[in-house]
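Since the structure comes first, as structure tokens, the remarks are kept for the end.
Chain nomenclature is as follows: A, B, C, D, E and F, assigned in order of appearance, with residue numbering initiated at 1 for each chain independently.
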Amino acid sequence: MRENTLKSAWGSGRETLGLWLATADPVTVEVLGGLGYDYLCLDVQHGLVDYSSAVPALQAQQRSSSIPIARAPWNEPGIIGKLLDAGVMGVIIPMVNTVAEAEQAVAACRYAPMGSRSYGPTRAAGALGGRYFEDANSQIACIPMIETTTALENLDDIAKVEGIDALYVGPADLAISLGFGPGSDNDDPSFQDALQHVLSACEANGIAPGIHSVPSLVQTRLAQGFRMVTVTSDLQAAGAGAKQALAVARGEGSSDGGSMY
Amino acid sequence: MRENTLKSAWGSGRETLGLWLATADPVTVEVLGGLGYDYLCLDVQHGLVDYSSAVPALQAQQRSSSIPIARAPWNEPGIIGKLLDAGVMGVIIPMVNTVAEAEQAVAACRYAPMGSRSYGPTRAAGALGGRYFEDANSQIACIPMIETTTALENLDDIAKVEGIDALYVGPADLAISLGFGPGSDNDDPSFQDALQHVLSACEANGIAPGIHSVPSLVQTRLAQGFRMVTVTSDLQAAGAGAKQALAVARGEGSSDGGSMY
Amino acid sequence: MRENTLKSAWGSGRETLGLWLATADPVTVEVLGGLGYDYLCLDVQHGLVDYSSAVPALQAQQRSSSIPIARAPWNEPGIIGKLLDAGVMGVIIPMVNTVAEAEQAVAACRYAPMGSRSYGPTRAAGALGGRYFEDANSQIACIPMIETTTALENLDDIAKVEGIDALYVGPADLAISLGFGPGSDNDDPSFQDALQHVLSACEANGIAPGIHSVPSLVQTRLAQGFRMVTVTSDLQAAGAGAKQALAVARGEGSSDGGSMY
Amino acid sequence: MRENTLKSAWGSGRETLGLWLATADPVTVEVLGGLGYDYLCLDVQHGLVDYSSAVPALQAQQRSSSIPIARAPWNEPGIIGKLLDAGVMGVIIPMVNTVAEAEQAVAACRYAPMGSRSYGPTRAAGALGGRYFEDANSQIACIPMIETTTALENLDDIAKVEGIDALYVGPADLAISLGFGPGSDNDDPSFQDALQHVLSACEANGIAPGIHSVPSLVQTRLAQGFRMVTVTSDLQAAGAGAKQALAVARGEGSSDGGSMY
Amino acid sequence: MRENTLKSAWGSGRETLGLWLATADPVTVEVLGGLGYDYLCLDVQHGLVDYSSAVPALQAQQRSSSIPIARAPWNEPGIIGKLLDAGVMGVIIPMVNTVAEAEQAVAACRYAPMGSRSYGPTRAAGALGGRYFEDANSQIACIPMIETTTALENLDDIAKVEGIDALYVGPADLAISLGFGPGSDNDDPSFQDALQHVLSACEANGIAPGIHSVPSLVQTRLAQGFRMVTVTSDLQAAGAGAKQALAVARGEGSSDGGSMY
Amino acid sequence: MRENTLKSAWGSGRETLGLWLATADPVTVEVLGGLGYDYLCLDVQHGLVDYSSAVPALQAQQRSSSIPIARAPWNEPGIIGKLLDAGVMGVIIPMVNTVAEAEQAVAACRYAPMGSRSYGPTRAAGALGGRYFEDANSQIACIPMIETTTALENLDDIAKVEGIDALYVGPADLAISLGFGPGSDNDDPSFQDALQHVLSACEANGIAPGIHSVPSLVQTRLAQGFRMVTVTSDLQAAGAGAKQALAVARGEGSSDGGSMY
């Protein structure tokens, strides 16, 4: 089975940067797959993507060295299984707030005896190479999201659940849950403390801390210790690129894209 | 019928800048439609777009003030008619090399007695507003491409064909026809002379000179006198945006996007 | 954010009439969006619609003053969140039988602290205008269905659950649950009492009573006090229209469509 | 091979009524296929239909006794062949203005030696039953459109071209070509004379006269002698049905649909 | 309503053989529907099929005498209801491990008072014929899967749950749950005992024993007493057929396909 | 640019075997791409494939060593250009009957000065690797079909047209043109002579003779000297595979597939 280079990177403490696929147009994905991101994540939750659009987007990543992962719409075993069978090598699972929910997330990603995923990797076995059954439990990344105050309360126990590879912070929902508006960052100590809590809980349990970001914040996140940082999305990149191109075309300012991010 | 602001801009000598849609993902188009480009052009020739993907992309432009146009795959009346019926307000027609071909292009875009377009604007009549039949011949833009040495030989006569609103230079094919490799620009005098020829033929006949471009060349093209300049494409913008975001994320250089275009 | 005129109508006791979208062909939706219905509801439960067809149908409603809503396939947070992120302004949630289920329905429709909806209105924020986060909890309509005897038993408590904007009667399932065959109406006192119960529970709690209907019953429903009444569906309208057109064409009877509904 | 009941009806002088499919949603087509129209015509010219949507629409007609036909986007052999291979039993071919164009239309519909259609009825052979090759030339209907003054000038010769089964008047284009605005009918003698010319040319050559219509005109057309009359479209029927349903729901007028057509 | 010949076969102890649809290309399904399989099962769990591809695949089966069924992605009422409304006549429900889960599976497939399926057979009522409501509870097959050791422990009670028509063994998951690798068969006594347990539990309760298989194992399964045996899938058949064709073309061995299965 | 191993094989006289894609389901194509066929040909003429389904099918071939080619629906430059831009490495062009038609076919496949293909390999440049413009004219295969008596009359001159890489016999149309019914082979001397004529004309001009076939005929075709032989199609393979699987399952005969082809 294809090696999950995300997991090997995290195992040795290396940073990984990812691109979000919110629209996942297959030809765009082909092009973006060649840019050198460590992972491409199909956003089946808030993106305009569902199972039917996930499959061609995964086929479009065949030439890419980026690891294909997906965010499930919810902590539901049906769609998690379908995404894995279609060939994703990791699943981000939203709104995991308790140990029970974390265990349910792991169960959906792992074959028995580690979990209760059903066997039938119809596309994955071919797309990811031989010995899929033997290697899937160790190569597939299970990545619960930490994005509520309830999750923070249970964080130390959640991080101990066996079978979790990373915890992924959703800063917008986290900020809302803490009483603020949504955003990629927040100066309030409660928000900053939450990030530190995730970082320390991950370190204590040998799993990777991850977070959703925007380009200008990534260096900060890496300096804080996050090892899985999503940089931008296909949709945001198209908007930013087309906006900057228009500015350049109009001769507004130099061709520097400082305002881009 | 909705006013074709491209044609009114050209009529008063104003510049128009456009965005190419090579993949035309409908939600991406919705976002790009809000950026202020003067036109969005579905590339049904070299883009990954055909009729079935053109319709949702046109529906996605309803909130946009950008004028929806399309490039036909070839000088063929069947597909030109279908694109117009779907609601485009202009058609770029490739490889128009002779007066006869120019007349054929006009005929496909105009109702009798100016042409031979068949009546049935199933979506266009609703999407573009009342009095479609009465206004279509004057509001629809017919835009042949000049991109071969044969076209240059016939250029002065082509530009005189009634019903043409603009001539659009395809620099890559023009360069190839002149014996060079494809590119957005070429220093050779034969290429530069060809551009001047298009500019003067358009001026002599009161039609707009247009050209395909890249962001960094647009100011030059406008200074030369081109009034319809395509800046970049959705696919190129997504690639450029995602590439720059990764550079910013990696802390490589400043957040300036100078290398972006 | 775009004003939800359904909610303002209900707030002042005005009637609202809706059209069901069972097939949701995007161009048909564009046409039907101009007829003056107060809402268009994508039926993701019993209609031939899923998430992948809901998105183009919503894009096709951009020119319409009808409020776009959807019926979820079930009381499941994953798909409810996806429909909201795609731009619907209200969700009808089937088979809400208990207070706990009603609270779950509300939670799926509301951001914290009112609920647990996850933030990421990828299309909705652009399509519905600025300040989405600030206004969504008040502008989005949460509409549980009352359609079983269990729901009737718990009705007075369900109607008190904070965050509900309307209750929507599914007459076919209600009739089945009461021991009859499915239908839009039923003379049995148990069915009529149930309607009165919904009307009074809504009135007592300041929320709008709604019901699925057919054209010929709508005047009765409005007279009874229902304020959200679905008139027919795209599929039924197409069938009725084509049937009547054939009768007119055959010269069978006059051009009156009395048998149409 | 399935019998083309249109051709047998025309052979014995019987009337046939048709429904146009402008959007061709497959489930809507399934429903409309049960109403008793003699033919369902996929409008690949002015409808929102191309080859990719024609195939599922044809599969959706399997239960229907209506004969599946299509209007090609133009007199082009590539798409005519594809539609026939997909299983249509007749092709309406627009803008046939000369004998040469009529012969080209016939050639595209017939195997050698009658024409030059290429063999490969991948779906048609299964969908329409055995002996497809032997029966196709006699069962497939070739139906050129008469819709310009040029066509009228050549009409007597066009009608004599072997292999034509019917001539179909496009009244909107015909009116435009005669110098009027588009419409289903026109009181001007030049228009009425043109209809009579088509009727007499068909009668003289034993082929069926056809015309595009609206419901309220059909009885007139049949009385004039037309034997192939299209009544309305799926899109118009959906609009009319939904409009009338809303009127009934509002209690505006009686439930009579007199204003519907 | 169309008769479910699977259920009548099982009722009289006859064998039924099925074909799995893992990709469900609609034209391929049309062809495969004519081969004489007793059922065609859309695999919405491990297949590359979701609701949006299930509908055209069901439309493509209209000419087939094979009974259309589906495997749901999980024991979730939303998607089970949607598949039934789209016209499947049976649902295989994965990972049913307890009596409560079996009762939930039955509830999703049956109208009240037998279950809690919601009424709205938008396509099914037309596609499967009249009296759908009256006949659905008896004609629809509810088929839980037995594929874990937990299910085996509860098997005798699961088999007694009213409303179940068959139990379907998933040998790959069963083998994994028993501690082996996935496969269609396994010599270990624990696996063989499990099959016997399913057979005896079915016989004791008058329901049909079913199992997923490969061609070479089917005769064995029938001899063991299984009455619902899936032979192969569309994807496996295409691969096997194309592989054997290549071998024949290369003149490798005779034209015998012994190595095919 | 990726090497066209078909052309290098033909250049050294080696045989190549191909698979036809008539439905081109993307996941099926992924599987079939691993079987070792020398080419996979999207049949955009008689297959159920158009441009919109060709693109995902080409993306699905990224892992395959089979060369991706397509058959155009007709000798039309618009669709030929679109298929090339999407990434096919060869085009089979039907119904080439004269030198002029052969020259038109070549022109559509070659950039100036060899032809008049328009530049814009949006997907092809990325999918097939660097230096696309420089290498395309030599790596792309242009393959006219010989399938009528007119083509046979002009065959010696057609074969001399510069830029042709192979001639491909369509035996069904050839047989029809010769006065027989369609078939893969025909004993009549006129048919056999035609094959010999194609073989000798190819040999005389150093181009490859090709023919459409069925598995059982391939060895004969190779012995005759054909170097490009299509073995079967995805649709035929699926049907044959599923038919044989059912026979094996029923215990009818041995597991030998002698009747399969």
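Convention: a residue touches a chain if its C-beta (ideal position, glycine included) is under 8 Å from a C-beta of that chain, and two chains touch if they have at least 3 such contacts.
If you're wondering where the values come from, they're calculated on a predicted model, not measured in any experiment.
Counted as hops between touching chains, the shortest connection from chain A to chain D is 2.
By number of C-beta pairs in contact, B-F leads over the other of B-F and D-E.
For this pair, chain B with chain C, the centres built from the Cα atoms lie 43 Å apart.
Note: centroid distance chain A to chain B, computed from Cα atoms, is 38 Å. Mean C-alpha positions place chain A and chain C at a centre distance of 35 Å. Residue positions 22, 27, 31, 48, 50, 52, 55, 76, 79, 122-123, 235 of chain C are each in touch with at least two other chains. Contact topology of the protein chains: irregular, matching none of line, ring, star or complete. Partner chain E is touched in their complex by these residues of chain D: 26-27, 30-31, 34, 55-56, 59-60, 62-63, 122-123, 126-127. Interface residues of chain F, counted against chain E in their complex, comprise 17, 19, 22-23, 25, 27-28, 31-32, 35-37, 48, 213, 215-216, 218-219, 229, 231-232, 234-246, 248-251, 254-258, 260-261. Against chain E, the residues of chain C that register as touching in their complex are 22, 43, 45-48, 50, 52-53, 72-74, 76, 79, 94-95, 147-148, 170, 172-173, 176-177, 179, 181-182, 235. The touching residues of chain D, counted against chain F in their complex, run 50-52, 55, 76-79, 81-82, 85-86, 111-113, 116, 118-123, 133-134.
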